[in-house]
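Below, chain A partners chain B and then partners chain C, in two separate complexes.
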Partner chain A sequence: MTDQLTPEAAAPARSAGVAETLFRFQSLFGLVAVFIAAIVFSPSRGGELLFLSSENLFNVVRAVSEIGIIAVGMTFVILIGGIDLSVGAVLGLAAVGSAVLLVENDYGVLPAVLLVLLAGLVFGLLQGIASALLGIQAFIVTLAGLQIARGLARIVSGGQGVAIAYGEGPGEAPVTFSLLGERTFNGLVPIPAVIFIVVAVLAIVFLRVSAFARHVYAIGGNEKAARLSGVPVVRVKVIVFGICGLLAALAGIIHAGQLNQGSPNDGSGYELDAIAAVVVGGTALSGGRGSVVGTVAGALLLGVLNNILALNNVDPNVQLLIKGLVIVAAAGLQRLRPS
Partner chain B sequence: MDDGGGLLVEMLGIGKAYGGVQACSDVTFTVRAGEVHALLGENGAGKSTLMRILSGDVAADTGTVSLDGRPVRFSSPVDAQRAGIAMIHQELDLVPGLSVADNIFLGREPRTRLGTVDRRRAHRETRELLRRTGIALDPRRPVGELRTGEQQLVVIAKALSLEARVLIMDEPTSALSPVEVEQMFTVIAELRRAGTGIVYISHRMEEIGRIADRATVLRNGAVVAEFDPRAMTAAQAAEAMVGRSVQTLFRNRSAEAGDEVLRVVDLAVRRARPGRREPDGVSLTVRRGEVVGLGGLLGSGRTELLETLFGAGSRQWRGEILLDGQRVRPRSPRQALRLGMAFVPEDRRVAGLAVDHSVHANAVLSIVERLALLGVVRRSRETGAVRRIVRELAIKLGSIRDLVGTLSGGNQQKVVFGRALLSEPRLLLLDEPTRGVDIGAKSEIYQLLGKAAAEGIGVLLASSELAELVGVCDRVVVLRAGRVVRELDTHAVSEADLLAASMGAGIAAQAVEAENGELVDVAVRGDK
Partner chain C sequence: MRKVSRFRAGLAVAACAVFAVACGTTSENSGQAPPTPSGSACEGAGGSYVIGMSQANVAEPYRQRMDDDIRAAAKAVPQFQVQFADAQQDNAKQVADVENFLTQQIDLLIISPNEATPLTAVVKKAFDRGIPVVVLDRKVDGDSYTTFIGADNTEIGRQAGKFMVEKVLPGGGKIAEIRGLAGSTPAQERAAGFAEAIKGKNIEVVAQADGDWLREKGQQQADALLKAHPDIQAIYAHNDPMAEGAYLAAKAAGLDQKLKFIGIDGLPIPSGGMKAVEAGRLSATFVYPTGGKEAVDAAKALLVDCGQVQKTQTLQTKLITPENATAEYAKANPS
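What follows is the complex of A and B.
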């Protein structure tokens, strides 16, 4: 039955609000829980917990930065009720593209980066057009996009990994690019982590305050109602896929910088890790409900989990198993959510 | 009925709370064999909860349910079905991709000796059930291809096949055309003759007066009245449901119509998509301050006409649409809104609202950009606008941050209405704005419509409720097969005239015949 919310009924509605908040930030609480578990199970060396060393903690952030950036874009796509399976392949294409432009074509860092970002943006926009304008399901469009991006990456690289050597001469990349890999900001924080944090903060603010974000949520909540309320559904969808492609390309550039090479198989399966982060973060796959805050927490949660399992030398196969169980548990918790 | 109808169901002292909301408290409700017991009440009065308890969907906190004098406790709807209690829900539970026969026998398909599905038998039995229901349909047709009214009758055929002893019908006629309603009444009469006890939930008072033997009214989860429906007036029933007297159900018409705001000239969609009855040469006008009704049977093209005007239907049309004398060609709802139109769609859950978003988010959606500064939303201005609408439309809620899905149907509809008004339209297009809305909210919506018209908005209102068209509109344009067949001044017509015009000469004659003949006799008062 439909509850009539009379003033008397307002009080229970408020207590339901507390439960709602708990569930909404479920991934943050989950993150805290996993963090505490990590401290408990952390191996120590010389009386110091390895997990809590600032070096290790920043490594966690560095390790999740690529998946995290992709997952931010994925959050937008999932919020409109879509999915983007192409992001891992786009990351690979961007990594290869960066390496080829820098090493084989002697581009400067800025032109190379901008060109690769533009390519990612266009790739995403095209997928958005195919999905929103032609009405093909996003799952299918981006499954095709995955194949296309992977194929392009192989063609561009000739099927081989392209190593990035640094120097002034021809065939060498400008040293600035190595910032992404070795250097740290402030001597401590790795550059990829800084980029991830900046992207996340921008996305969080954007989703909070922009009229565009209202349209994103409305489309995910009820696309037909959104359209009849004057939301430019096609335009919003195309832009959202564009954002996702752009962020996947950004992650690809970072990937190339961290590994000092671009290989056409880079990023395989990253799309699934990104989706996992979004889901653990409490965003509904059906769209319309969720947040980037949740996604960031979800990505960090999975990152901390990976880290503590690796620190304890847990068999990698068992690691996969544990990760799977955590994802199911997070999704299961969402089912309990009062609605 | 006192002619020996034994007590089938007895619900005593039923109580049920959801969170802190008492949905039912100390309700006593009985169903006798061979009677139609009408259950009335506003949305949120506890009707659905009571019936969900009876049909095994939820468990009561207190009280007992007895069937044939023995206490029962159902753990699921299937459990209740086995005991002979079936419910026909307002939301049709049909699988669109499956055929009529497959839907009717879903989960209990007849088997051959080899254990495969015996389709021949399923089809034969389906044809028989459909015959009893009064529609001719191919049992192999996918349900998704059927019109809503036909689907409703398929659900009723399914209920027949369950051979339930107690049948609960939740607003079974809300999607039916007048002819289909008559067919359903025939089925009900047949069931009653066979000794089935029927609980009939409806907002339509004239139906209850025709077919019910008893009527019970719930308000705020408690029984407030029991009536003899034959002796009850609509006003009395409404008063019992609402708890105060409903003075005027319909609006007061006093507004002077002004200049023409909409003129449609010979509008025709070039190629009709399958399953849609597109406008085929429609001309009409709406003036400022005027409420023009759009009548006609289901499938006559009312919705398609509104959608085409609003840029939400086919864009391949010829003819002219003039707004305030300007030729316009809305290519999307967005553009139509900019031109000063607003649309309240037919089914608020499907096309009107994001039910798990807040009232705030739903209400301001059309004006988010207009209130924003450089793409940044301005929450305080939004809140102001939403509060104003909540106040003006008297939307009952705890806070504007409540999820729309937690409001009653009438209040949800007001949120859709409020969103349309916030865009400050000069032309308001409404499609079945009071479907599934209780009588109190209905009356309020009519007053609001009147107020909007008085402020100079032109209103085009599509409805299948004749009383609504006659009571609310200044003029009614009647559509049939995508064409205007009549235009009637409602000051001088009756519902019967309107029905006759909707159905066309041939069918109208049949209906009149039925009205005099035994078909309706049987339907109206059964076997007495």
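What follows is the complex of A and C.
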């Protein structure tokens, strides 16, 4: 790793500390900045800012939840210097799996959810084994994983979306599952957002306190050194991919609940949205540096940006352009970070 | 007073968003107008109206044309302002698009759903708030919408079959069929109508292949079909791009003069089916109307004229042959 010497880094220690803090929490500041910009540019109706209406803010958080949950798993993978391209397809497979188990096989909610989560976990573990044990690059392994998961989703669903109808009879999903859809916690916060928050908090705490987390950062920083100092590299890597697969499956279950359907094409391109959230969140693609807090902020930043562009009726093609520029800018800022 | 509480609510929610902590114990839930009965959105010719158009995927030329038709038709109604959203073939994105329209308090929603079931709930949400909903081309489940405008794919398939029987192969013969995306409703219906029309007319479909609506896939499939069955006399494709792909395959095999090609869609754009018929590559195509103009007409009837519209409006297709291709193209693109 070469040190990027910048004016800030060369300056006296105190200002370097300030700079370090600024860069470390870049995405949080970015989120605040985008949030303020969204308030400033928010269209209003009858004196009320549309962006700040509680309904709109909850739409934003809900729309971010699925990508956010995937991005948390992706953060772990990227921290060890890997990448997981299969998460969008695993989400699709999990959505289809949930729908098929609930509707066509009349499973209860709990067994269906557990089975799908287990499938996601196993899928991730297998990718981890292929990557860590066989030494195939994560990019290749998960690219193959993407194809396999997509193919499985098409086979399981028969190539078509499986609609989820609610009720007690055969061929209907238990009503409990519809909680993931429109129903909200306390009548305010959508359930998917609550799950996202729980996942994020667990991941943040986990990365702060566990020995496993130190191993993750050590492998990403310098794999060889980590191995020589006794870090069980293979085991940690396999588990990390397992976590990522598990969270992608969790997002897939939510997806099915949100849309009342499992469709084999669901989640196409979500892996790129998740990677974007991680990068905007300040995690280095080379591994070893980054945080889940950053990723959560990155996902929310992109969600707020999506929302305010839409509320201002920016042309959809221009929206893509702006989002691309924001990602480049965030990654560019990280290059200036004193290390 | 209200202003202060809204500011506080805003701050609280900002804190939620920034620190990602679970809040949600307040009962603040402003900005949700009580649902008004459907049909009360009309303010007559003196009002001004914002229409939200939620498109499934602008990357398909047919859907781009639908947006263009809406844009052109809305220009003629000074009271209308149309906002467009593109879901990029993602159901979840389309749900968010419609939610954003609801936040913007649009006066009328036009939606061409990516898929029926996933969009049903959010369309119902709009409809239940008293916003008239015009559903275009693809349906949603249930009946929580104001009007559905679309063409009848089975009928179009039937007419294509009739044309094959009467004009292309009056004495009977062997043909191949290149189908749309397996499992999609239009592909099933265009196949069923066609099969019905050629039944007992001495026309044998010797080969069928899935072209996934794509030109290059149509070409690949036709390559293989022509090798296996060099004696076929015509190819029926479920859309024009696949028919054009089949034409290219036949040309590469030196068979383009011996074969006839029939497509569907007849888009009046430079790369569309009308031009392909005009240039003689396709024998015929059947217009699959976008309904864009009809959607704006319905919006005008509901909002400006305070009238009623039919629950279902089925659009008629039109046969395009080299005789009328030039005239129809000009008619569809008034300068």
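As a working rule, the second predicted complex is superposed on the first by the 327 of 339 C-alpha atoms of A that agree within 3 Å, B and C clash if a C-alpha of one lies under 4 Å from a C-alpha of the other, contacts with A are read in each partner's own complex, and residues count from 1 in each chain.
Convention: a residue touches a chain if its C-beta (ideal position, glycine included) is under 8 Å from a C-beta of that chain, and two chains touch if they have at least 3 such contacts.
Because the structure is a prediction, the values reported are computed rather than measured.
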item: First (chain B), second (chain C), both or neither touched by A:Leu52; value: second
item: Which superposed partner A:Val189 touches (first chain B, second chain C, both, neither); value: second
item: First (chain B), second (chain C), both or neither touched by A:Leu133; value: neither
item: Which partner reaches more residues of chain A (counting touched residues only), chain B or chain C; value: C
item: Chain B versus chain C as contact partner of A:Leu31, first or second or both or neither; value: second
item: Which superposed partner A:Ser268 touches (first chain B, second chain C, both, neither); value: second
item: Touching partner for A:Val40 - first (chain B), second (chain C), both, neither; value: neither
item: First (chain B), second (chain C), both or neither touched by A:Ser210; value: first
item: List of chain A residues in touch with chain C within their complex; value: 28, 31-32, 35, 39, 43, 45, 48-50, 52-57, 59-61, 63, 66, 158-161, 163-164, 181-182, 185-189, 194, 197-198, 200-201, 255, 258-261, 263, 265-266, 268-269, 296-297, 300, 304, 306-307, 310-311, 313, 315-317
item: In the complex with chain A, residue positions of chain C that touch it; value: 6, 9-10, 13-14, 16-18, 20-32, 58, 83-86, 88-92, 95-97, 99-100, 102-105, 115, 117-118, 120-121, 141, 182-183
item: List of chain B residues in touch with chain A within their complex; value: 18-21, 23, 43-44, 46-49, 52, 310, 312, 332-334, 337-338, 343, 345, 350-357, 361-362, 364-366, 368-369, 372, 375-377, 396-399, 402-403, 405-409, 411, 419, 423
item: Chain A to chain B touching residues, read off their complex; value: 1-16, 209-212, 214-215, 217-218, 220-222, 224-232, 288-289, 339
